[in-house]
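In structure tokens below, several structures.
You will see two complexes here that share chain A, one where it goes with chain B and one where it goes with chain C.
On to the complex of A and B.
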């Protein structure tokens, strides 16, 4: 049996664990790509980052953007899943069409959205102006840029939640819903007291997946705002990219990556703890 | 539900779907409009469509060669990731020890790794080995991202196959390998196709690693289109044509795997 796993384990060790541990190793060194001098720095990279304003700004941005967009996606995705569940016709076509934004290459999706939000020539501005409404600067104003990025993330990932939650709804025992209905439960009561409690493990599971992915999400923001204006939409991943691949400070970028991993791991641990406290597993 | 409610629900869903697809439709319109029409305010809806920009971007601006690069990377990733992942998935699906489940969950935990943390050592390695701008480095990086996912997804297909099938084959004189190769593997063929398609999509859509590891020779489509961007208004029609073309394979993918989308999206945890 173990022979079946050996090749894969070997490859994972080579392309995942080796790079991962070398990144952890780099994070303890003053290491600039291009210069030969590599000196041991201990925890200097970490302490420098933790005492830096920009680190906390980007961490705050990340939490704000991840939190707001995951919450928005969850509400919209759930509403859409319920609507699909209640619908009797054309469900397959509607879910397939709504799913498209999720499979479109993220960079391409970002460019499409840019043509909606870009100043003056974008579809949104053009439409608003034709109604004599003066539009805000969607990508240039810090607050609106955050809003736009959240909308973009929602556009891309809501379909994922919709589809998974819809699958969860379909797996339901309809007899239970029928019984509750005969007992006189209203639709809202059905939702609050039966559907949502039964969906809880699945909801926590998708939220965990989305949280992990949102922290490492890069493409859409890179194309839309590249972290701007200033650092208004700069997430931790974009900041790491700047340090690592623009400034070539490999040591510091690795430390930042390790810090990100710790934060994500803590978030996921929290979600798993929450999941197990309820005594149910999503698997 | 009353028919009247059904109809209003359907109308509501259709309106939402339309709004959701506006960015894509708008991109499509830009790509087939003359620039004079594309930028008029309010947006014109009646115009003479043209495929000029599609021709120009794919043939004259070399997007076709970027497509070849994307396909080479995707194919290389599938060729390494799927066979290895399938073997491991079979092993994991048929072992019931504590180690196996520990291994499975540590594979899931790998998903927590920020990709950028992996990108750094890959970049350093590529620089040291002079492997920047080669397919090899990009394929290895894609395998790294792909492998845990491939194993989980394939495992969910193997778990669906009753163990009795293996046992019957082994009673008939097959050894473990023969039972796997001649009996179990043929039954999971659809699973292999689905897993390959998902791996392909992942490699095809990848941007961060492609941005870092590829260069002028091996540039993949996402990097190429990002360079055109949406900024310079003179290139809008061209990059719209490129963007629409790049979008087609993922759309075909969705139609092909629609029955297995949910399983793929959730690491095989939820069976649609």
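On to the complex of A and C.
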């Protein structure tokens, strides 16, 4: 058995454990790529980051963008999954078309979106102006830039939620719905009292997966706003990139990566606790 | 502070989303007559006289920024250490790329680095932005010879943009940027902690 597992374990060790333990190791050193010297720093990188205003700003941005985009994706994804469930024709075609944004490479998708949202001559501005509507500054105003990156993330990842929730609906016991209908339940009552409670474990599962994933939100923001204007859309991953790949400070970037991991792990632990508290059927 | 405040006030007249735009968007703004004035990369100047891409053919001109002292930045060759295995070939490639014929032939793609080519009246007549480029070189200044200049500029620019878009007051943004640059240079050993 161990022999069969060896290739997988080797790959996981190479791409997961080695980078992880390297990051933890380097986070305790002053390691600047432009210098030959690597000196032990203890917890200095961590204390320096935790005392930085920018760290808390980017953490706040991350929570706001992740929270808003995951919530929006859940609402839209669930609505579309229910609509698809109710459809009798063209389900495959509609679900395929809906899933297309998720297939597009994020950077390519980001470039498409940038040409849509760019000021004055972008597709969206040009369309709104043709109807005599003065468009907002999608990428240049801090609040609108946050809105735009949330929309971009929703466009990209909502299809994933929709598909998972639709698959969950497929496994649904229709006898319950039919029984409720016979008892005179309206569509809203079916949704609130039967469908949503039955789907709760699946909903919490996709929310946990998407939240973990959304914390790594980088490529679309990098292409659309590069974290700007100023630091309005700078998430924790963009800040890590800035420190690691622009300032070449591997030690601090590693410490930031470890801090991000701790935050995400705590959030996921909270979600699992919540799931186990509300019903033990989730995991 | 006055300069940043001027930028902040000018931003009301700037193209929406200018903080997220680079030379590609900039060139479209100029060519589509959306922006009236601004900086342009020399390699994008030819677009302005291309009737298939530009609405302003023959209606615009290039000039030296008032006051001069603008920064001169250049692209360069990145030479792998493995190239030392064939130094002769590397030298030939560089010599060929930089000789007068090559620069003359590629003058529509990149600014000739040889003054003799850049200031050639025939080249300047054919590519009408080169007289301004040549004058810019006369009054421009290289960036400070500090290895960390780009990194410090990146840190400070974040704060400057925050001031321009109204996220922070100008003084607070510049103070924060200055403190962050000092912190960066302290980490790099320029200042004592």
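Criterion: the second predicted complex is superposed on the first by the 278 of 283 C-alpha atoms of A that agree within 3 Å, B and C clash if a C-alpha of one lies under 4 Å from a C-alpha of the other, contacts with A are read in each partner's own complex, and residues count from 1 in each chain.
Heads up, the rule we're going with is that a residue touches a chain if its C-beta (ideal position, glycine included) is under 8 Å from a C-beta of that chain, and two chains touch if they have at least 3 such contacts.
These numbers come from a predicted model, not from an experiment.
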item	value
Contacts of A:53 with chain B and chain C, given as first, second, both or neither	second
Which superposed partner A:118 touches (first chain B, second chain C, both, neither)	both
Partner chain(s) touched by A:133 [first = chain B, second = chain C, both, neither]	neither
Partner chain(s) touched by A:13 [first = chain B, second = chain C, both, neither]	neither
Which superposed partner A:141 touches (first chain B, second chain C, both, neither)	second
Chain B or chain C, by number of chain A residues touched	B
Which of chain B and chain C A:75 touches, first, second, both or neither	neither
Partner chain(s) touched by A:100 [first = chain B, second = chain C, both, neither]	first
Which superposed partner A:270 touches (first chain B, second chain C, both, neither)	neither
Those residues of chain A which chain B touches in one complex and chain C touches in the other	114, 118, 121
Chain C - residues contacting chain A, complex	15-21, 25, 28-29, 32, 34, 147, 151, 154-155, 158-159, 161-162, 164-168, 176, 180, 184, 187-188
Residues on chain B engaged by chain A in the complex (per definition of touch)	1, 6, 9-10, 12-14, 16-17, 20-24, 26-27, 30, 39, 41-43, 80, 84-85, 87-88, 90-92, 94-95, 103, 110-125, 127, 140-141, 143-144, 147-148, 151, 176, 180, 201, 204-205, 207-208, 212, 221-223, 225-226, 229-231, 233, 236, 239-240, 243, 246-247, 250-251, 253-255, 258, 261-262, 265-266, 269-272
Contact footprint of chain C on chain A as seen in their complex	30, 32, 34-35, 53-54, 114, 117-121, 125, 135-142, 145, 224-226, 228-232, 242, 246-247, 249
Chain A - residues contacting chain B, complex	1-5, 7-9, 11-12, 15-16, 18-20, 22-23, 26, 33, 80, 83-84, 86-90, 92, 94, 96-101, 103-116, 118, 121, 123, 126-127, 129-130, 155, 160, 163-164, 167-168, 202, 205-206, 209, 212-213, 215-216, 218-219, 222-223, 236-237, 240-241, 244-245, 250, 253-254, 257-258, 260-261, 264-265, 268, 282-283
